[in-house]
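So, here come the structures, one by one.
In the two assemblies presented below, subunit A is common to both, partnered first by subunit B and then by subunit C.
Moving on to the complex of A and B:
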């Protein structure tokens, strides 16, 4: 990341645009998961709703569709963002999977099992973060396509709708569980950041955490800074 | 004084018995309520067969309640034919096709449910129309018309008196006007909520044993469709069983329900699309919308197909399925089951390892 701030102990982890994208994605996905899985609800849940169940059903469908549109828009926006904007391109390039990720994964597992003394040094995004990021591409593609198909059900043979429904439910279940087990645990129950990684709110990462978890990125940033300063010094001469 | 009252009560009872008993013993002359007005009147019957379950049968008739029902104008013996003497031995079971003394104003003939009973007999549920071997398994009128014995709705729907004032301009009898109006209101409005329709059909069609005996697959797949889920929430807009299998709007009736293999069935391959396109449903559906797989392929069936086992032996199968399409859905479900196990299990394992590692780190730092 090119924009470090003056405060030496803090670096920018997420820019303003990235934070807004994340918040929108977070809220709409949560709504989608809740309203979507309501369809799988058991009888007791509906009996709790009592007479309101019919209204709840209508609102469920309405919110699911609105949130679906919002998610689609934000995904398309993100695709444009990673192509058009400078910070987006840098994000995208740093997210690209590399051979190092496989090596990192292997070395990290070995470390966690106690066969290695040191964790591998990670760059800006480590292998699990990359996996989560690219899973969103795959998952969103599946749910947006199948969701649109089910929304326009009259345009397709019934068999296609069955297939779409099976994919939609499967992908949603996968995503919901992956978010709970993978994402929420890593940003809340990570001992380095417990009780919460605040980066999604203020966008900042502390120098300590950066050294600990993203050593290579830290060094990259520091080199860049030095070069910049040298450049400034050179210009000053 | 007290003793005198006791004697009086005894005398009164004795006199009453003296007069009524001979009448009871005589031929039944139409005054059924003479006996049936007593709330305790009933007996415990022992059913024949393996399940010798004792059932209580109550023969009490609340006359006031009965008169306020749709059948309230009909005399007992119009339906309970053959009740000639006491005890009522050899009286046949009530036949809904019996002519009753009510005159049908549209034909001037005595009214009867005979037409519906005939239609029903020719339907897939009727003795003439069904292809199953054991006809005793077939449902009869009362299996579906299992509503409360009394429909005490007369007087309930004429909430606004103004609705019937116009009728009363010509028709003098207020009782007639109310009954007629409410009959029409009741018959033309939706009679059962979708939830109840699904429940009713499921009593037989979700019964694995019974359906296997009939050479059919038990319908379990419907509960997984969007229609069923909406119905569970009380939505009345989506289709329940009858909206597709016997849509009134398209001229079909639950009494004339047919197998989907019949040409004129609303769910036959040719007619299906017309049924899907009913007003308020998938009106603009493309022609291919209804083609191919069943509307409710059951996960049960998918499981059977995937395991290579047939739920019903091929030769007994009444309905053949496009099994490939059913299988495809099963493969997708299997794919996601594996993927979810691997991904979520992997993530969870990774997290556990991480916790293990950081505990070790803390221990080392602590030393």
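Moving on to the complex of A and C:
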């Protein structure tokens, strides 16, 4: 069961701005996946929908474009957010890849294979979370550029559009599989958070999960808290 | 009344059931993604924008068109027939796919023969003549008012109509005497001598232009065909006008394909 329910100590994992960004990204990406991959099963949809298929496919194209614009806007907003805001800068710096991530990955694999007794101690974001985050940068760049090209197909030679289409579908397939295999597992089917990691709703993470998955961050936060308390106590004296 | 423990167990069971179903759905979707991307074969990217994808009534659908669209063209062995009835004298002798000589360009031309009357390219209107190009319904000959269906398969074909005395006359239908002459020639050809065949062919082909209309004469702004009049959307008009065909044909009037494709 979800550890966040059973533990009294809670830590802030996601701020309100980050949760709103995540929700917008989640909804628009889901819409993009559904309306995009409908094209790969168009014959089945047409056979099922009959006369309604014309209207449904018109709306499919419309929704796909609207969701595409929304995802572009939220990506641009996020870029501004990580530059301008303090919490954004902190997020970005903590997300930067480090040599320790490679060591963590190796040690974690060894732990999961039973060759290590303890999990490596990881920081605020561990290597898989960083991989996911930076994959979104790469993926969004590819799909936004190629999607814009396909939207303005009359401006481009057919060869460019064919290449753009291949990249768009390829990246969309990669992203969809990554979301299903990686993200959905880690935030839903991972035994530590099953059936759902509620951080994207309330922004909180339990103490147990902090210790398990973000030990270094937990210790840093506790030290910070202790220092603050000592500072208060000293001041009080 | 069920106890709190029972309620809790039932709730957990419901959650597990839901999560299990979602898991199966996600795995199914993932397997399908892998199938469409890696196992289904060559991927045709279709970027049709807002173009309708509804298929029109079956009777005007080209025969084998679905198979044609699904197969990679290198693997296509079936003959694809237009399935659109035609009274054209040209088709009676030359068939649905008349372009055979130029191996490197014939597919382009035959692709256009799919939805255009021969006379669109093979009759050049004089400057003084006003010719309208319209989509005419295959069975009734009525002008289409909207384009419904897959691109190029709208249940009709593009036909040139010459405007004479404020009336429009189809250029793809010969006058009664010419039609009768042509049909008579087809019947008697085997019994005619070389001179008579030559004379008859010259007479039949007299209205045709020596140099057919080429790609870049239509796929350009202010070209021979008014794509708006042909009911295409404004986005599609821009696309058709700016197809790289025009620049490609201008830059490469000779198509240089790798020599390994040439017959030895």
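What we mean here is this: the second predicted complex is superposed on the first by the 220 of 237 C-alpha atoms of A that agree within 3 Å, B and C clash if a C-alpha of one lies under 4 Å from a C-alpha of the other, contacts with A are read in each partner's own complex, and residues count from 1 in each chain.
The rule is simple: contacts are C-beta pairs under 8 Å (C-beta built on N, C-alpha and C of every residue); 3 or more make two chains touch, one makes a residue touch a chain.
The model shown is predicted, which means the values in this text are computed figures rather than measured ones.
Engineer: Quick check on the subunit A-based superposition: subunit B and subunit C, clash or fit?
Structural biologist: Clash - subunit B and subunit C, as placed by superposing on subunit A, overlap.
Engineer: Thinking of the overlay built on chain A, is A:194 touched by subunit B (first), by subunit C (second), by both, or by neither?
Structural biologist: Only subunit C is touched by A:194; subunit B is not.
Engineer: Between subunit B and subunit C, whom does A:182 touch in the aligned arrangement: first, second, both, or neither?
Structural biologist: first
Engineer: Which partner does A:111 reach: the first (subunit B), the second (subunit C), both, or neither?
Structural biologist: Only subunit B; A:111 stays clear of subunit C.
Engineer: Is A:46 touching anything from subunit B or subunit C once the two structures are fitted on A? First, second, both or neither.
Structural biologist: A:46 sits against subunit B and subunit C alike.
Engineer: Considering only touches as defined above, state whether A:128 meets subunit B (first), subunit C (second), both or neither.
Structural biologist: In the superposition, A:128 contacts subunit B only.
Engineer: Is A:73 touching anything from subunit B or subunit C once the two structures are fitted on A? First, second, both or neither.
Structural biologist: neither
Engineer: Once the structures are superposed on A, label A:154 by its partner contacts, choosing first (subunit B), second (subunit C), both or neither.
Structural biologist: After superposition on chain A, A:154 lies in contact with both partners, subunit B and subunit C.
Engineer: Can A:162 be said to touch subunit B (first), subunit C (second), both, or neither?
Structural biologist: So A:162 meets both subunit B and subunit C here.
Engineer: Should A:171 be classified as contacting the first partner (subunit B), the second (subunit C), both, or neither?
Structural biologist: The first partner, subunit B, only.
Engineer: Taking the options 6-14, 24-32, 42-50 or 186-194, which segment of subunit C carries the C-alpha atoms that clash with subunit B in the overlay?
Structural biologist: 42-50
Engineer: Taking the stated contact definition, name every residue in subunit A that is touched by subunit B in one complex and by subunit C in the other, in rising order.
Structural biologist: After superposing on chain A, subunit A residues 39-40, 46, 53-54, 57-58, 153-155, 157-159, 162, 165-166, 169-170, 173, 177, 181, 189 contact both subunit B and subunit C.
Engineer: Give every residue of subunit B touching subunit A within the complex, in rising order.
Structural biologist: Within the complex, subunit B touches subunit A at residues 226, 229-230, 232-236, 282-286, 288-293, 295, 297, 325, 328-329, 332-333, 335-336, 339-340, 343-344, 347-348, 350-351, 353-358, 360.
Engineer: Across the complex, what residues on subunit C touch subunit A?
Structural biologist: Residues of subunit C touching subunit A: 12, 15-16, 18-19, 22-23, 26-27, 29-30, 33-34, 36-37, 43, 45-47, 49-50, 52-55, 148, 235-236, 238-239, 242-244.
Engineer: Quick one: in the complex, what on subunit A touches subunit C?
Structural biologist: 1, 37, 39-40, 42, 46, 51, 53-54, 57-58, 61, 150-151, 153-155, 157-159, 161-162, 165-166, 168-170, 173, 176-177, 180-181, 184, 188-189, 194-195
Engineer: Flag every residue of subunit A that touches subunit B in the complex, lowest number first.
Structural biologist: Touching subunit B from subunit A are residues 39-41, 43, 46, 49, 53-54, 56-58, 60, 109, 111-114, 128, 135, 153-159, 162-163, 165-167, 169-171, 173-174, 177-178, 181-182, 185-186, 189-191.
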